[in-house]
Structures are given as structure tokens and as C-alpha cells.
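Two complexes follow with subunit A in common, the first pairing it with subunit B and the second with subunit C.
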Partner chain A sequence: MQTSNKVLPSQRVKASRGKIHIIKERCKQCNLCISFCPKQVLRRSDDINEKGYHIPEAIEEPEKDKICMACGFCEVVCPDFAIWIEERIDK
Partner chain B sequence: MNTQTTAESEQHPIEKWLRSERMPHMWCAGCGVGPTLYAWIRAPDRVGIPREKVVYVSGIGCCGRGSGYLNVDGFHTTHGRAIPFAIGLKLARPELCVSVISGDGDLFSIGGNHFIHACRRNVDLLVICTNNFIYGMTGGQLAPTTLLGDRATTAPYGNVEPSFSTPHLADAAGAVYVARWTSIHLRRLEKSIAEALQMKGFRYIEVLSPCPVNYGRRNKLPEPDDIAEWFRQSSVIRNGANTSEISIEKGKPLILGDFVKRTGKPTFYEVMKELEGRVKPR
Partner chain C sequence: MEPSLVSDKEKIGVFACHCGRNIAATIDTERVVEEVLKHPAVVHAEHYEYMCSDPGQELIETAIREKRLTGVIVAACSPSLHEVTFRETVKRADLNIYKCEIANIREQDSWVHENKEKATEKAVKLTKSAIEKIIRNEALSPIKVGLHKKALVIGGGVAGIRAALDIADAGFPVVLIEKTATVGGHMAQLAETFPTLDCASCILTPLMSAVAHHPNIELHTLSEIENVEGYVGNFHVRIKKHPRYVEPDKCNLCNECENVCPVAVPSEFDEGLSLRKAVFIPFPQAVPSSYLIDANACLGMSPLICGKCAEPEVCGPQAVNFDDQEKIIEDDFGAIVVATGYELYNPTNLGEYGADVYPDVITSLQFERLLSPSGPTGGIPRRPSDEKIPKRIAFIHCAGSRDERHQPYCSHICCTYSAKHALLFKELVPDAEIHSFYIDIRAVGKNYEDFIRRVQEETGIHYTRGKVSRIYEQDGKVKVLGVDTLLDERIELEVDMVVLALPMVPFQGVKDLAGKMRIQIDGNNFLQELHPKLHPVESATSGIFLAGAAQSPKDIQDTVSQAGACASKALGILTQEKISHIPTVANVDEENCSSCRFCISVCPYRAIKTIDDKAHVEEVLCEGCGICVSACPSGVIDLRNHTDKQVGFMIKALAGEI
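Our next item is the complex of A and B:
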């Protein structure tokens, strides 16, 4: 899913930004957060938890518009309550 | 086990609703029960119902385990009997906000009669069914909600029995609120639960829910993403749709929405109270 912010003067609008928290030992590598992130910020990492699941990691690339916008979809869709978003407002 | 820190601002927003020491839970990767519970947990906050007033009654099955994972008052009852337990609880403590969250097998097969009679009597309950089209916990046997043609361990050549359309059943039996969502339509589900929590009488919400392990694997949808994609591609939201036209068939649109909202029907408790006022002790 591609989103465009051409219509908004993005420098002047205060956009929500999110900080992604992952509770490592709860993740079961179902991939839902990764496929649901509209900004494609998440990907599967090489890091594994105690049960051997590869947990997601957040890689933000602002130049490609891959920034967490705190939409919180990963948080609601995660079956394991393993990922959550702390919203912050960028000045 | 957990890596989360203790400060409230540093916790998962629903952490106080969870029995954190019991996490990670037993549900498989990608199971739809977790997101359904998440939506249910968020709804009372939305409408200002305190956690102390909320009760969760569950039956047997994967979804039934939920009452043990949440930090709210609850019952994990015997198979199919979640609704009778909940009716007793609600009659004895009418101030509580009682929800039954259970699976399709528990509510419609083993507990099928309890369901229709609770609708008929308009007992004051919110019933949420996570319908994953299969008996998940026992290894993928045919359920009354398995779709025509689907494979199950007890239907290796494909299911030949028509399935229940549970919203239609609830509507026909007299439920005052009937809705259907999926475990990826979570904002709408949360809104729908919040609305139902504020109503009186028998309210029913079906949540189509992925069981990648026991349903998906046998039906060419082995990954959690495959079932999510099926829901995403086929869902059509049609609020107020006629419930006789929304049965689920493979290859056809999945009709979601709020289908039924009835007002003015007295609840079982109100009828009993009225009777109590009329009947004089001898």
C-alpha cells in the first residue's frame, strides 16, 4: 500500500510519529505486523527470542517515506500483545 | 520471561488487563483470538465502563482459554455452558457487564441450544463468537460452521454439510444486536463492541478469525497472512444487510457490518422483576 503526502505541506503540518516497542519473548513470528504496516517500516530481523522466533525490527528510511506514523495497526493486529506504539508529536 | 519495564508509561497500553506472568499465551502464531480480545479490552474504556465491572465468561476450546489470560473477573466453564453460567451471573449481579467470548464449536455445536434460547429470552448478555470454521484445539475436526467443500481431519474429502450462518441464527431467534466482523477489521470491531456494551438485551457479534494451523493448513491458506488476505480481499461492509443473505461461501464476498438493532424488547431480567412485583407471597 502506498500513501502519498503530496497534498499536505509536510514541513508545516505536525505529524504524529511513533516509537515502536517490541516485547521480545511474546512474539511468535506470525508476520502480521510486518504485512499490515502501511509504511513498510517493519521487517523480520535476525534476532531470535527464547523460543527461536525471529522478532520484527523497525527500520525507518525517511527519504523513502518509511516512517512510523503511529497508526498503531501493528499493535491491534498482533495476536500476542507483543508490539505497541508510543505516540509522539514531532515539532 | 517478559522484557517489559514496570513504569506504566513504558508498558503495553493494555498490560493492566493481562495476567502478564502467563504470557506468552498458548494460541498459535497468527491466531485471531488475540486481536479479538484486544478489541474487547479496549471497548469498555471507550464507553467508560470500569474494569471491575467487566466479567468475561468462556467455554472450552482455544478461545475458552482467554478468561485465564485476562486480569478481569471471569469463569472458564464447562464445554458449551458459557451462556448458562453467564445468565446466572447476570441475574444475581445485574450491575455487572457480562460478556461471553467463545468459539464457534462451543457456542453453536455443544452449546447451540443455550445460544438460541438465550436469544429468545433476551437475556442481558454480550456474546462474541470467534468463528474460525473448525475445532482448533482438538485438531481440526468438522464444526457446524465449516464451509461447504472445506477439508477437516474428519472430512478428508471435503465437507458436504451446509454450515450455520450464525448472524442469521441469532437474528431469527430474536437477538437485539447482531454484527459480523473479522479479526483484521479491528477498529470497526472495537466500535461495534463499544456500541453493544451500552445496549441491553442479547447482543451477538461474530468475529471471523484465522486458525492457520488447523483450518488454514488443510485449506490452502497455511500462513496467517493468507487468511488475512482472504478477509481483506473478500470483505464487503454492508450495514443493515438482511441476515438471510449473508451466509459465507468460498469465492463469494464476505458480508460484514451491523445487521440488526432492535429496540424496545424487554430483557429477561426486566420480565422477571415485573413478575416479582405482580406475584404476592402467600
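Our next item is the complex of A and C:
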């Protein structure tokens, strides 16, 4: 029953948001980051790196609530240190 | 005298009651007396104006002693009314209480017939039928069993808190379980309470604290009933306790975890007017006083994904525990109080009022949060869309109540709380213009009428009798369309904010809980009491009592009174050394049982099991309903003092064959 349309403007808290950076050449398309992202903000892109792997990309127009919250789990699971998150505070 | 049908040892007395004119106007009780005296077993018969009165009962006692009666028939009202009364009477004269039967000649005869001749004839037959039963009745004594002197209270709102404290204060251990993370219930969300305008927190939080510290109360939050077995005095209950993920003993409420948590979701306590984090405390005065993690909102625990709150530099005391597990608690109780409370009817069902679309159409509980000093606006009523202080406001009574399309019943408190809202709002916004749309003003309760009048005088509230047909927002204003049924005029009103008085409905999952506990629910899904007047807090299952808004919509006053009544009823059980149970239970001729198990499937009390492949009745569970008797294909189950043989003779008597 709780909907977000009644949240008072002053009560909208500052939450951390992340900008996703991918080091293209390191990716080997293991898909771990895509599978484990709790907010499902990543998907396989059509873009390929020089080894021929499809690298992940952030979904540009995410569905409601599917936004990167800078949890950093993709950084942890990436076996090749190919993804990292820049944290910023958003309204 | 004719030879007796059964044995000459039976000496039956018949006592016909006039019940003032209730019976005597339609039935010639003197003729009933004459007719039944012809029965060979009847040695005494008389009639009297009010048999249930003291002189009436005296007549029965004297006759038993003087004529050495072996059985008593009282031809009077329904046994559900006075069977107990007359059984006590015969007990005083040293007669077994199961040698007293009632012939119901009021509800089943005088009240439903007009022809005196035929009604009298029927009364004679009904009485004779009872005679045929009683001469075959066994003298029985109640079954006695031990009990667990501990109570379970389900629901930690004000009803559950009051019941738990009352039982615990009397010296008995109580387990209080609550579904959410804190006790307090809806009352904790309220600003001030009508009609005296006590601040809800000031009167509730001390009780919450008392619950937390009472040596006789064991509190389990985030807990639900998994299973209930057994019977009065001996309920065996499985409680499922969900993980909290924060250890309450370690948590020092520093709120560092909340600051780093990346997830924000609408706050349940503020009714969605503010946000809370996935690691949160419902409100600062919550009991137990500790943070917890909402597993559904948290980014993930298995595998642990975010874990920022658990970092040593964030949670100093290391209270966050992602390995916390669900627990099952098993315990035995003598009595149970069910106080599971209410929730508001979902406003999205009222599409025409647009509460799900327009931010400034809010529910009464949301308005309570806006008025509350601990609320998201610090007690200054601001509207959700732009946080401006509204000047013109409309209250819609019966927004779904007394409405066949939604909830047909009256929610009982909305008229008075809407008036309270108007008063509090006017105090905060002195130049406010307040409109209220009602069907009828139902302010039933001590001093409520005076309160409504006070509100009318002090606020200049415009009461409009009529129904609102549509609400929508346009250019930052809320438009209310409706009809004034007193002036018979269409109404179009422009206001800044609308408050809907939604129906109180039983909490979600009430059906499931009622099924587990064998409690009946009524047509509107509220828990059903045993009798609306004589047993208002008892459920149909002995030993389970009902308090608060789970039973019907009610205000805090009635809820607390009912909780006290439940505590007193529970203590009536816990203070006994043995529990008595009716001996008129089903009895299986085990030798001839065919082991078909049909009786097990029909028993509503789960009282039958198989022992060595034969049906066996757990006597303390059996309520003597007789369903198994009629279901048994082999006819080997009988109900004590209601055997097939007895029923056969009773039918013959009714048919005039005896």
C-alpha cells in the first residue's frame, strides 16, 4: 500500500548513486557483473573489445528503482578488475 | 400408575415456565403439566411465572429433595440462555447436572406460533421428547485436565500491550508476539487522541517501555504464528521469529548505519510520507530499542552485496549480523489473547478519489503523521505535493465505509477522528477553512457528542451531508465533486488537500491466522466472538480470547476495555489448578471401528486420531458437535447423553408415538 508519490519533497533523502566505469580491454565477458548486480542495471552491449568480447554497459534509461546505488559488488565479483564505480551523492 | 418404559427407578420432575407472557400467552402451561404427568416416569410437574428467578429455582430444589427426583426437565427458553442456570440449581440439590435437560418451548414454540391449541400440543411433545432423553441420560462428571499457567498474546498494539501487562501484573508469565519490528501498533502513529486530546505518545510509550522491562513478559517482535495445536489450558504453539540482522543488545542507536545505507524506501511508520533506509528503526521510541534490516529492501545478504552498515568503522559495537537466521520458538500456553488489530482499506480501490494518483489526497493515518510533532513535518501540516501549508481542506467521511461496493459496515471511529483532525488543524492553521462530507455523524461514546459540538463551535467547520463522487487535481488545487443531499444541490469545491476516512479492515492474513487457531471470522473478515452480548471477548474455541479492532472497528477506549476483559478471562483459566471440559463428548466403539478415517476428516476440532488403526477421540479436544457421529458409516460413534437410541426415542415422542 505504501507508494512513493506521497513522499514529502524535503524528506527525499540524499542517496548514493554510482557512475559505472568499464576498462574495456580487461573484460572477458564472464557476465558475473551482469548476473550479480542487485539492481540489474547492467546488460550485455553490442560493443566488442579488441579480443572480441561483448563488454557490459549500464542501461541508459533504467526502469524505476533500477539505478546504480554504488554498492560496488560488481567490483568485487569481477575477476579481471575491469569494472569500477565512482560514487556521487544525488538528490 | 402405568408400568415404566425404562425403569421404575426414574423419577422425573417437570417445571414449566411462563416467562411472563412470553410463553404463557401462547402455551397453556397448566395443560402441559397435566399431560406430562401421564408419563410413567414423571412424578412431579408444576408451572411458575419465572422459573429462572430465585423462587422458581427454589421450587426445583425443594421438589428434588422432597420427591427424590432423579431427573429434571425445565420447559422454558433456549438452553443456550439458562441451561447453566438450571444445572447449577439441580447441583445445589445434589443432583448430577447432566440429569437436568431443557425443553425449549419459547424460541422453538411460543415465539414462532400463534395458535394456542397447537402450540400447547407442541410444547407437550417437546417436553415429552426431553423426558425420553433424560431417562436415558448418564450421570456424568466434567473431564479434568492439568494446564500450563502461561499466556500468549498475539499482537503488540495497545490491545495486546494492555492484555499482556494485566496478565503479567497478576503474576503469570506472558509471551507477547508482534509481527512488525516494534510494539505500539497504530496508536503509536497518532498525534492526539479524542475526545480528551491526550497525546498518543505520552500515554502509549510508557506502556511500551513497561512491556519491554516487565519480568513476566517475554517479547518477540518480527514474529508470527506458525501453528497452534491443543486445547484450552494446553495450547502448543509454534512461533516463527524472522531474523532482525541487528543484535538489539549491541545496537547503541548511533544511526551511522542509516547514514551509509544506499537504499531508501517509503517509511511504514510515516505512512509513506517520508523515506527510511533498508537498515532502520521504525521510530525513535520503538521497543525493542534497536535498528533492524529490512531484508526485502537490502541489496542482498546471500551473497552479501553491500554490507556498508556492517563495516567496523560504521557499526562500532558490531551489532549488524548478516548471518542472523529465522527461529522457531515452541511453547505451551493455557490461554491465548488475539489482538491482531486493523489496517486501513486500500485507497487505490477507490479509484474515483485518486489517492494513488494525486499526492494531496491522503489517508487519515497520513494526516495523523502530518499533525504529529514526531511526524515528517514536525507537526506543521504541510501537503505532500509542494509542502505548502493548506488553507482549505476537506475531510471525506465514509470513504469506503457503509458502502456496498467496498465495506458495508460503519468503521465506528471516523466521525470523531475527523472532527479531531479539524480541531487540531484549526489550532495549527487559525485561518483554515474546513469542509467535512458525511453521511451521518455517528459519534457514539462517552463525551463524543460534546466533542463534536466543541469542534463545530471552535473551528467553524462546514459539515455537508452528502457523498463525494469524484476528486481530482487541477492547477495545484484539489477539486471535490459531490452532492449536498440536504439542499439537493450539486457541489463543486476547490481545496488544497483532501483527507479520506477509509474503512478499518482486519489485518491481512486474518483468514490464515483464524484457520490456524480455529477461530471463526464474520462476513467482513473480523474475528467472530462467541456471543455478541454474553460472550463478547470469547472466541468459539475455548481458551482463545479476542481484543481490539481485530474483532470489530473500535476506538482506543473500547479496545483497552476489551483487552482488560480478555486478561481477566485468561486469568480465570490460569488461576485454576485443573481445567474442566464437558463430558458429553463422542465415544468410539473401537472394536467395531472399520478404520475408514472418515471421522478424522470431518472433525472441525481435530479431536480424532487413530491409535492402533482405530479411531480414538481426544476427549478434551472434542466439543460434542456430533458431526463424526452422523458421518461414521459403521455407526460406531456415539455422543454421550445424545446417543442414537436417545435420539430415536426423542423423535418418537415428537411424532406422538409415545
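The criterion applied here is as follows: the second predicted complex is superposed on the first by the 75 of 91 C-alpha atoms of A that agree within 3 Å, B and C clash if a C-alpha of one lies under 4 Å from a C-alpha of the other, contacts with A are read in each partner's own complex, and residues count from 1 in each chain.
Rule of thumb we're sticking to: a contact is a pair of C-beta atoms (placed from the backbone, for glycine too) under 8 Å apart; a residue touches a chain by one contact, two chains touch by 3 or more.
All values reported here derive from a predicted model rather than from experimental measurement.
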When the two structures are overlaid on chain A, which partner does A:Q40 contact: first (subunit B), second (subunit C), both, or neither? neither
So in the superposed three-chain picture, is A:D80 touching just subunit B, just subunit C, both, or none of them (first/second/both/neither)? first
Have a look at where A:S16 lands relative to subunit B and subunit C in the superposition and call it first, second, both or neither. second
Residues on subunit A in contact with subunit B in one complex and with subunit C in the other? 36
Counting only contacts in the complex, subunit A reaches subunit B at residues 21, 23-26, 28-32, 35-36, 50-51, 53, 75-82, 84, 86
Of all residues in subunit A, which touch subunit C in the complex? 1-13, 15-16, 36, 38-39, 69-73
Taking the touch rule as given, give the residues of subunit C at its contact with subunit A in the complex, in rising order. 262-268, 270-275, 277, 299-300, 303, 305-306, 308, 343-344, 346-348, 356-357, 359, 362, 366, 376-377, 382, 384, 386-387
Would you pull the subunit B residues touching subunit A in the complex into a rising list? 1-4, 9-10, 12-14, 18, 23-25, 27-35, 38-39, 184, 186-187, 212, 223-225, 228
